[in-house]
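Before we start, here is the structure in question, set down as structure tokens.
When the chains are written out, they are named A, B, C and D in that same order, and each has its own residue count from 1.
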Amino acid sequence: MSSMPAAAVRAVDAPAALIARYRAVRARSRVLAAPLSAEDAMVQSMADASPAKWHLAHTTWFFERFVLAAKADYRAVDERWDYLFNSYYQSVGPMHARIHRGLLSRPSLAQVLDYREQVDARMADAFARGDFDRELQQRIELGLHHEQQHQELLLTDIKHALWCNPLKPAYRDDLAMTSGGASPMRWLRRDEAVVEIGAPAWPLAGDGFAYDNESPRHRALMLAHALASRPVSNAEYRAFIDDGGYRSATLWLSEGWTRINAEAWRRPLYWEEDLEREFTLGGVRAIDPDAPVCHLSYFEADAFARWAGARLPTEVEWEHAAAQVAVEGNFVEADRLSPAPAGALVGAASAAIGESFARTDLQIAAEAAPTKAADNTPQQLFGDVWEWTASAYAAYPGFREMPGALGEYNGKFMCGQQVLRGGSCASAREHLRASYRNFFYPPDRWQFSGLRLAKDAR
Amino acid sequence: MSSMPAAAVRAVDAPAALIARYRAVRARSRVLAAPLSAEDAMVQSMADASPAKWHLAHTTWFFERFVLAAKADYRAVDERWDYLFNSYYQSVGPMHARIHRGLLSRPSLAQVLDYREQVDARMADAFARGDFDRELQQRIELGLHHEQQHQELLLTDIKHALWCNPLKPAYRDDLAMTSGGASPMRWLRRDEAVVEIGAPAWPLAGDGFAYDNESPRHRALMLAHALASRPVSNAEYRAFIDDGGYRSATLWLSEGWTRINAEAWRRPLYWEEDLEREFTLGGVRAIDPDAPVCHLSYFEADAFARWAGARLPTEVEWEHAAAQVAVEGNFVEADRLSPAPAGALVGAASAAIGESFARTDLQIAAEAAPTKAADNTPQQLFGDVWEWTASAYAAYPGFREMPGALGEYNGKFMCGQQVLRGGSCASAREHLRASYRNFFYPPDRWQFSGLRLAKDAR
Amino acid sequence: MSSMPAAAVRAVDAPAALIARYRAVRARSRVLAAPLSAEDAMVQSMADASPAKWHLAHTTWFFERFVLAAKADYRAVDERWDYLFNSYYQSVGPMHARIHRGLLSRPSLAQVLDYREQVDARMADAFARGDFDRELQQRIELGLHHEQQHQELLLTDIKHALWCNPLKPAYRDDLAMTSGGASPMRWLRRDEAVVEIGAPAWPLAGDGFAYDNESPRHRALMLAHALASRPVSNAEYRAFIDDGGYRSATLWLSEGWTRINAEAWRRPLYWEEDLEREFTLGGVRAIDPDAPVCHLSYFEADAFARWAGARLPTEVEWEHAAAQVAVEGNFVEADRLSPAPAGALVGAASAAIGESFARTDLQIAAEAAPTKAADNTPQQLFGDVWEWTASAYAAYPGFREMPGALGEYNGKFMCGQQVLRGGSCASAREHLRASYRNFFYPPDRWQFSGLRLAKDAR
Amino acid sequence: MSSMPAAAVRAVDAPAALIARYRAVRARSRVLAAPLSAEDAMVQSMADASPAKWHLAHTTWFFERFVLAAKADYRAVDERWDYLFNSYYQSVGPMHARIHRGLLSRPSLAQVLDYREQVDARMADAFARGDFDRELQQRIELGLHHEQQHQELLLTDIKHALWCNPLKPAYRDDLAMTSGGASPMRWLRRDEAVVEIGAPAWPLAGDGFAYDNESPRHRALMLAHALASRPVSNAEYRAFIDDGGYRSATLWLSEGWTRINAEAWRRPLYWEEDLEREFTLGGVRAIDPDAPVCHLSYFEADAFARWAGARLPTEVEWEHAAAQVAVEGNFVEADRLSPAPAGALVGAASAAIGESFARTDLQIAAEAAPTKAADNTPQQLFGDVWEWTASAYAAYPGFREMPGALGEYNGKFMCGQQVLRGGSCASAREHLRASYRNFFYPPDRWQFSGLRLAKDAR
């Protein structure tokens, strides 16, 4: 058995593969934006979100600024984009205020798409000329992962934007509705061990891409614990609501209690007041009781776990489990754009929401169902929903930021956020790996964020 | 000589004239929106402003809701527009929050234009059928004036929206640049008199349209005073700046001093830091020293007047002077969309900004140039810039709101605002009259707002 | 009959009278502060209010800074007080931020009282030496009126401060409880006339003291109207509440509607939720149905008037009536510190709150009771409650600010506020006069503010 | 060698010892409050701080509510204190809003001190009667540690309160000024090991008191690293400032950069603009270059460490080092109430601030001075300044909150905060131990908070 993470198997892209990948990832952004009108692509519904048009422009600027402009005599497509489409790279220069991205009617979507084409053409020329040395190839690789991150944000941001519209328009009307039963939740026990997590520092040491915040690969002590076999379902979360979860102060972190009362949170972000329907990228639909619960803040995930007599897993626990399974699941490629029950793949029966679930079920399950070896594989670690962990987002021991402006990519956000793992129904499969660390603030819930339970071993 | 106001000459529209006027005003909105892309038409750059698309929809909804829907069996074009396009009529029902108007990518601009066409078609049918009784004809008249107000707001709001864009795009590139010298400022003296101001209450008593807030026509005591012959020019305002006007606490109202420091105001809203160029609907241009200064808050107008040893005129003083001149000037029909010097019409010489003007000039002018009878007509009372007055916006004695939901039109805003008079380069000529009362909050400065000086008589 | 205002009868103080008055006013501040502990005297319960200790210090600093320090070689008692106890005189220098006045544990109350004694001693010495010329004597006169204003603020500020304490402590336990019936409300009709209001400019033209904002005395046109014979009572206001006044959008100014909903205002500031008891300077007491309603914002006064089919009086209407009655009433000297029914003086019967009053009563009263000549004197114009007027606080025609730093006293606040007239149960009798203009912002309600109705004449 | 933490040596208090300790701790609060006037004791200078009077009352209420009131028929000294002096125990009932604690002029300081005496008398009676079973004795123990925490807060809160006063008054004028050189900073290297940290769960498993958040004692993997021999000094921090530390975006966490610019932070909280003097509890004094730098936010500590080419230590690293040294140092008992250089105890020479220190010195020191065995003991781990760690405040594996309302003590704050270790010059010696975890938000800097550097081993 190898303790190497799942993602470490892909070699550095040879130029041909890199070119192909560049084309594919860039084309994917246009596909994702295709259902949007120029007006849709301009909405910024809150400070944390960005307009789709901005995502399209910023990811393009990234290649222009960090790859093409590395050439001394490079002339920008339009030098004004440096100010408008820089996100947060202080080293590069001043930038347009994030909260005002939604005011940019100019450049138009058409201009931005044209900007994309011009940069892609310049990239193609440079590829053809063999202009990119190893370091620039690495930056291209980084730029592609960067663009994949923004593709997911484009989806979560437009979901929020459309939901803010009283008309509740769908992003697409042709999304597949799949259903299937949830498998019973089981506790998978693991013994104490010194394990290795993290990815070798790319590009110096690692064979496959990883962000700087996943490195270095290092030893950590994993204590004995049990991990839930699957994420928490909508039905289970409904039971928490029905049991008064949102009204019980002692279930909540102090900041969480303040927040849910200040903003009158009483259910997941996109659930309707009847607790029967939810807004999805396909419009308002019935909530599937067996699908993983989604669009929770860390506060809600943490409160649910406390209510269930459990806790959230740590990064070490999560990654150690994930390193042993393939990166498969309900990703953006499945074209559902909503979490689905595991049974959507295998076809199980489904109970109505809240009908048959009680808090004690989780505990009883743990007692009644000692894990058989054959069952000892967690489901849905990848895809469907990002899983909040108990770990604050912090530097690994020995962490080094990327050099230069790109060092601002991850490290400077290591404060006040929590790590989420595993990717979602809006993530690209090849963007993910066991060591991947996503991070958001505890109140954030517009991402496809859910949870999986864990427990200390007795 | 009659003391009736200038606007009172036009009779109530006969149906044919009303139909023609309906078509003309409605068409004008489309013309004003024509230079805007769907994206431009969606920008809401601050809470006080609305997207152009919203103006186009709201004015249409006004006819549908208050005219067409008066018929018992009326079926709405789309009943969801009642919520989205109600501005502030609490009596009609709940409404979409003003600050979120910029998030409405749906309905699209195309849908809104289609909505306009459908309502116009229904109106045309109803005109043809003679469906509109006298009361509904009056509501149509009101709706047309309402739409003209929003046409001006469309221009001022899009000016602000485009200015917020770091690219500083022009609304139109084909606007005429006109120049010409300012005439010397003279003091026009008037003796104490009991005068009549205001308009007869329309539609009961008045022959011509007037808003409820202009009525009733009533007696008022006008004290002896002198009124400036023209608005304050850019050159004169530049002298105020150069003399440290923005740094002298004692020139300012207390709230004004707090505001200009909190927001670092050091010049009119759209002036550039060099005090030589300003943003216009035609893009960034050189400031014309002879044109009326514009985009001032009440605080700035008041501070300038104090600096100049003068004050702002009262409503009574302003209206009494205006009732004696024709409603002519630089209106939206002139297609300048910027204030212009009086000399733009008559061709006088111009001094560079701030070059030859000092505070004492205003006083000296008053001494040196006793007004000759032939000169005793104030210039530019109408058009160019709205003129801040010293009068708080309040009910006239005997004021009655319109009945029903339309009673919310004017009266409920009679608190905390100041009256402005005379219209601007963005106002429709036929929308104006001597008794017209516009009103904004003291800090507001995104309207075409300037000032004219007055003085107590010695 | 003279149209001169009531206050114009007292001649400028001869030195002996001025010395006596200085002693009396200064002593009064100490008496008012006597029931307060050092801790009480430090509370600042909101930005608009100041700690009692600060009032005691600031009024003292006023004499030191504007009177004693006029002497060239003057040495301050403690030069640090210039920064701490300047309120808003930008011309004098920078000042401690208003919102932080409650943080000043030092100087202690004892030190502030000692500061008072030192300044009083220096003033006494200077009086004895005859140091004060006519101009300084006028500043002393101004300083005494200034201190009387702060005496009232000390009471309203401490009332708010104690009310904010969940213990609801009384300022004093020995305040007299007086009751008595309200007289019926009658409409007093007045014909149109050109009248004179305002005070001659003190000290140049006037015989008696008046603030600059009361001057100059000037002609104004008073239109025909009817004025209510007494202020609105608690019982009448209770009927407005019971009739759904706080839930009817169309009764309210737009800003008022926003405010009452944002802050959940459903009754006067100090009324308890049961609408039966209210917090007073004597602690929580039963509401007297016949006493004038108090602690209303302008929004509430305006909404009540609209509900009652009436309006608020203008300054001109109010002052013209007040100029004809003596300055007598329930002032601070009566030592009630709460509004009282007129009948408290003459002994009428009283109805339970809301029992017998309906909106139509006011209108019926006007019909049924044509005013007899003998009854044509309004009651309670002075004392009890400040009466909100329909007039925005603005400069009178010909207004001139006092020269120098004292020019910041009144003029710079002429924006966004409404005038109140007549003084309250917390005002000093000799501080008041018919021309006196108080001013607060529309949402303010911690002053003893009520209302009197007026109507346009038919 | 024992791996037990330093604090584990004291047995559970026998009643006699507990009584003595109760008296001593309670008396200490009164001593700390003695220099304060009733006015001083009422100041709340920001939402995070509380008035001294409130600390005195709340700690007393803690004993009354959680110890005395455990008896079924207990009658409260004053039942109103339950509302006023509950801090954040939602399980106990509603409470007075934290931000309004500074408005409570009543109860007076005298009343609060009387409340303390009454509760102490009741406690003494109950002690005498032997009323307290083992569980209540444990609550008393907890209450004493709780009070010691508030004693430190009383000092840090009053320091902030007095600093907010423009008079900059001293808390005490008799505090000792001690000086002495800083020892050279050396790197102490430690090898990778699985270590035990944390305290056994008190009272079930532990012999000595520990808060629930310190438990359970558990294994953790400590990686190889080097720890600085002493905290960072004022001189070293001055060099960071002089090198442009506050102007270099790339040194800062993103949130830190935003904060320091939004609030114009350019130096430690209490340093004066000249960087030569600082506000202390003894008033404004010269900064001692050799003393540990203090009143830093986490952002500043983190930025300094990055500038120095180092990082902050983790909890594991810190605690493992601290478990091997005695709990000795500059605590509140030393009566300095300011951090002091190590040399204050041993007398070393001192350099002027910023004179001889450069960023490279820290690195050079590590090269040039391989640690000799005899030197391998870190200095000043306890006392002087709380040391920010790289560890977010989170539950230890196996963490269990205390049962009942006391479960709200620590666990619900495990979000968004960072751990600090070691206590300060304002902490009680017997309150501290190696496993003690303090926690504050990253921007907080009104505690005595500094830092110690660490580095990954090469």
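Points worth noting:
By definition in this document, a residue touches a chain if its C-beta (ideal position, glycine included) is under 8 Å from a C-beta of that chain, and two chains touch if they have at least 3 such contacts.
Chain identities (UniProt): A, B, C, D = Ergothioneine biosynthesis protein EgtB.
What you are looking at is a predicted structure, and each value in this text was computed from that prediction instead of being measured.
The fewest steps needed to get from subunit B to subunit D, moving only between touching chains, is 2. The chains in contact with subunit A and with subunit D alike: there are none. The greatest centre-to-centre distance from subunit C, using averaged C-alpha positions, is reached by A. In whole angstrom, the spacing between the mean C-alpha positions of subunit B and subunit C is 37.
Between subunit C and subunit D the centroid-to-centroid distance comes to 50 Å (mean Cα coordinates, whole Å). Remark: subunit A and subunit C have CA centroids separated by 61 Å (rounded to whole angstrom). In subunit C, no residue reaches two or more other chains under the touch definition.
If the chains shown are joined wherever they touch, the resulting network closes on itself as one ring, and no chain has more or fewer than two partners.
In this structure, the chains touch in the following pairs: A-B, A-D, B-C, C-D.
Residues of subunit D touching subunit C in their complex: 37-40, 42-43, 45, 80, 83-84, 96, 100, 102-109, 161-162, 164-167, 169. Taken in their complex, subunit D has these residues touching subunit A: 88, 90-91, 192, 194, 218-221, 223, 225, 249-250, 252-257, 298-299, 302, 311, 314, 390-392, 394-395, 397-398, 407-408, 412-416, 442, 456.
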